[in-house]
Amino acid sequence: MGQRIDVNHENIYYGDFLAVEDVNINIEANKVTAFIGPSGCGKSTVLRTLDRMHELIPGAHVEGEVLLEGKNLYDKDVDPVSVRRDVGMVFQRPNPFPTMSIRENVLAGVRLNNKHLSKSDADDLVEWALRGANLWNEVKDRLDNPGIGLSGGQQQRLCIARAVAVHPQVVLMDEPCSALDPISTLAVEDLINELKDDYTIVIVTHNMQQAARIADYTAFFNLKAVGQPGHLEYFADTTTMFNNPQNEEAERYISGRFG
Amino acid sequence: MAEATKKKNLDGAPVIDFDKFRPTRSSEQARKIKDYVMTGVIALAFVIACIPLVSVLWTTIINGAKRLNLNFLGYNMTGVVGGNPTPSGGYGGVLHAIIGTLEITAGAMVISIPIGIMCAVYLVEYAHGGKLAMTISLLVDVMSGIPSIVAGLFAFSMFTIVFGPGTINGFEGSVALSLLMLPTVVKSCEEMLKIVPNDLREASLALGVTKQRTITKIVLRTALPGIVSGCILAIARVIGETAPLLMTAGYIASTNVNLFSGQMTTLPVYVYQEYSKLNANCPAGADASCVTTIPMERSWSAALVLIIIVLLLNLIGRLVAKVFAVKTER
Amino acid sequence: MSSQDKTALAPTGGKTADKVFRGVAYGCGILILVVLAAVFLFLFFRAWPLIGGDQAANNETVSNFTGGKANNFWGYVLPLLFGTVLVSILALIIAFFVSIGIALFISHYAPKNIATGLSYVVDLLAAIPSVIYGLWGGLILVPAIYPFWDWVANHLGWIPIFAGPAANPQRTVGTVAVVLAVMVLPIITSMSRDIFLQTPSLQQEAAYGLGATKWEMIKLAVIPFGKSGIVSASMLALGRALGETMAVLMILSPGLSYSIKLLQASQSQTIAANIAAQYPEANDLGVSVLIGTGLILFLITFVVNFVARKITEKAGA
């Protein structure tokens, strides 16, 4: 089952620069939450603080709390490595490991903790994850081919399979369809809809139609001016957001008047 | 955990018991420890590598500074007998070796820089990745791995066959060095020409300027700082070569300024020859001014002079590239 | 309009100059091929007496060189070749792991400003002339390393390569290998650092995203990406070590046997150092013999470098 995430008074810095200011958001378990907003508003940055990926940039740090099912990810005794196992991530462009086969790509995460995976366990896990990513039927006959040989959409679903194979509670997706053609995008969107039964999903997207199609809740991020920190402007369920937003900026953005 | 997987059962997917794969405390601990250990090992590799490298520089500076003075730089080795001081008050010097090094290296420059630049021009401007060009490019790479002693043997063989046996002169050394220098010059020029934006060439050609003028006035002009820097680095590479000069340029104690006739000493060969002498003789009952270890001390000082020259050339080469670089981005 | 002016201003000789320039450029390109062929041919001609000359005289020359240890060319060159390869491989083994460590340290562990300085230092170290490494090796390292090798010989002497007693002074294959390792270290380091830095950040994030530690990320993303670069850097380093003359000449106490006793003196010699050592006293035929050994060294380094570049080319394509 998925877990909920509660973000309280989060400030995100790069060095001394305050990139995103005072974010408060409650992300429901087993729902799809979309982050939208103009470029540079910090939506990807906020997403990357949910699994402490942003820390990979030297100097980046966070104030405030990110609670995963009540447990603060930023407590002193929490290891970012284990956070990233509980919270999986799918990136803008498909990034299977180029030297690994499809099968090994799926198992890459699991192998970190299970050095001696039995063959039957591995087989089951690969099938389970690839079925979960709607990819099994397309690749079951060529599991030992390199993952890089698949089409873009297939690669992205392979990356989703790789992320779910570790059995995380939450899956973060950073514009997962931005590098895909419309048909592959549709396949990934269908998949996201199915995945929410098992996981909490947070997705950053530039595409408002996509947010409207797949998200249960939508968060609108904005920034006052270039160089100013971004902030969470408005958070609502998707129907309200797109039909009857109670926020002027959000309405202007959604109706295409800026961004 | 199991309920998450039950649903998929319907379409034949295997049921996974994820508790089995959950990391145990000990496995997590082991991974963490391994991460720390590897960080330590990598940092250690760095420290280990620093020891000899620092030691090379440090000992050369300490030992070399002892005899490095104006007298050492201003005199050659004529009139040096055993460990006794010369009439000028020093113990011999490297003037002839510095002159030899400069002349022989200049000779190598004159041969290899024009050829190298034109070869790079051919590869980038005319060949456009044809089969011949690919072969040449590969062979230039391979050539950069020719052992320096083979270059020496080549120059030696060529001069004995062409000019008769026993020919030894500075220019022969220049030929050997130019063989070593050529691939470095070609490679760095090639890279510099490649980053000259195509717009510049097209703009010039569109103005009706001939290709030759486009290349000399626009392309080479734009790439000039990079080419100069590449050539300086190539010089720095060959100026310390010893082995090929042992057999081509020879070794003498006096100053020879004629590149084309007679043996010529260079700094690296001087370092080697003094090192091979081990000790100087002092007559029994000689006073303290006779130093038996003087060859080693001269060797260190010459090595220090050589290091200073090489490092200066490197520094200058990099500075030229940095300071005079033409902005090529957009 | 300005194009009209230019055309009008262009000298009438422009066409000829164009052709000449083009010809010179082509000529210089072809010259590379000519030079390489010339290297081979001149060496071959100068070594000809070895093949086409009086074999008895050749064998006598070899015998004189070696004090009777070898009495034909192959009996001479094969032990030298063995020594060359032994020293170079040892140097490569020592340098390889250390270099990869430094390269990773610079690319992924050190803070950015320190890393820039470090890679600058590594580049400078590649520029130090080999004669200085030889001087340092002969005068500083040989006495300094003796206690270490002595300890190794006493405690690990049961391993054949470390069989004691350790020679003092340590003018041995073991010490030379250490010096050569120091010399080739900057080559492997700078090439693998460059390729590690090019690892796509997407790959690195993918590994981190799965919950990998830093080391696991390096194993998952950085090393597989840099593999061919590491291999080709090592081959280049090997080529450099095979041809190194001065450091070996100034440190090693030479011998002529197929010995793997790294810590004993007078066991092996390399082709390059042998040429430099024997050359001053060699007569005409002796020089032919030495050039014959040089030709073999040339062919071997040629192949090693060729393979290294082919690997790079393949990886780049």
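Chains: A, B and C, in written order; residue numbering restarts at 1 for each.
Rule of thumb we're sticking to: a residue touches a chain if its C-beta (ideal position, glycine included) is under 8 Å from a C-beta of that chain, and two chains touch if they have at least 3 such contacts.
By chain, with names taken from UniProt: A = Phosphate ABC transporter, ATP-binding protein; B = Phosphate transport system permease protein PstA; C = Phosphate transport system permease protein.
If you're wondering where the values come from, they're calculated on a predicted model, not measured in any experiment.
*Asks:* For the chain pair with the highest number of C-beta contact pairs, give its two chain identifiers.
*Replies:* Result of the pairwise contact count: B-C comes out on top.
*Asks:* Which chain has its C-alpha centre farthest away from the C-alpha centre of subunit C?
*Replies:* If we average the C-alpha coordinates per chain, A ends up farthest from subunit C.
*Asks:* Subunit B to subunit C: how many Å between their CA centres?
*Replies:* About 13 Å, centre to centre.
*Asks:* Please work out the Cα centroid separation of subunit A and subunit C, and write it as a whole number of Å.
*Replies:* 49
*Asks:* Identify all positions of subunit B at which a residue touches two or more other chains, and write them in rising order.
*Replies:* 31-32
*Asks:* Spell out, as numbers or ranges, the residues of subunit A touching 2 or more other chains.
*Replies:* Correct list: 81-82, 85, 112.
*Asks:* Where does subunit C touch two or more other chains at once, residue-wise?
*Replies:* 213, 216 - these are the residues of subunit C that touch more than one other chain.
*Asks:* Within the complex, which stretch of subunit B touches subunit C?
*Replies:* 31-32, 34-35, 38-39, 41-46, 48-49, 52-53, 55-56, 59-60, 114-116, 118-119, 121-123, 125-127, 132-133, 135-136, 138-151, 153-154, 156-158, 160-161, 165, 179, 182, 186, 206-213, 215-216, 233, 236-237, 239-243, 246-247, 268, 271-272, 275, 296, 299-300, 303, 306-307, 310-311, 314
*Asks:* Flag every residue of subunit C that touches subunit A in the complex, lowest number first.
*Replies:* 111-112, 200, 202-213, 216, 220-221, 224-225, 227
*Asks:* Show which residues of subunit B lie in contact with subunit A when the two form their complex.
*Replies:* Those in contact with subunit A are residues 1, 3-5, 7-8, 11, 13-16, 18, 20-23, 27-28, 31-32.
*Asks:* Please give the residue numbers of subunit A that touch subunit C in the complex, ascending.
*Replies:* The contact residues of subunit A facing subunit C are 51, 53, 56, 58, 81-86, 88-91, 93, 95-100, 108-109, 112, 159, 162-163, 166.
*Asks:* Touching subunit B in the complex: which residues of subunit A?
*Replies:* Going by the criterion above, the answer is residues 1, 79, 81-82, 85, 110, 112-115, 121, 123-125, 127-128, 131-132, 136, 167, 197-198.
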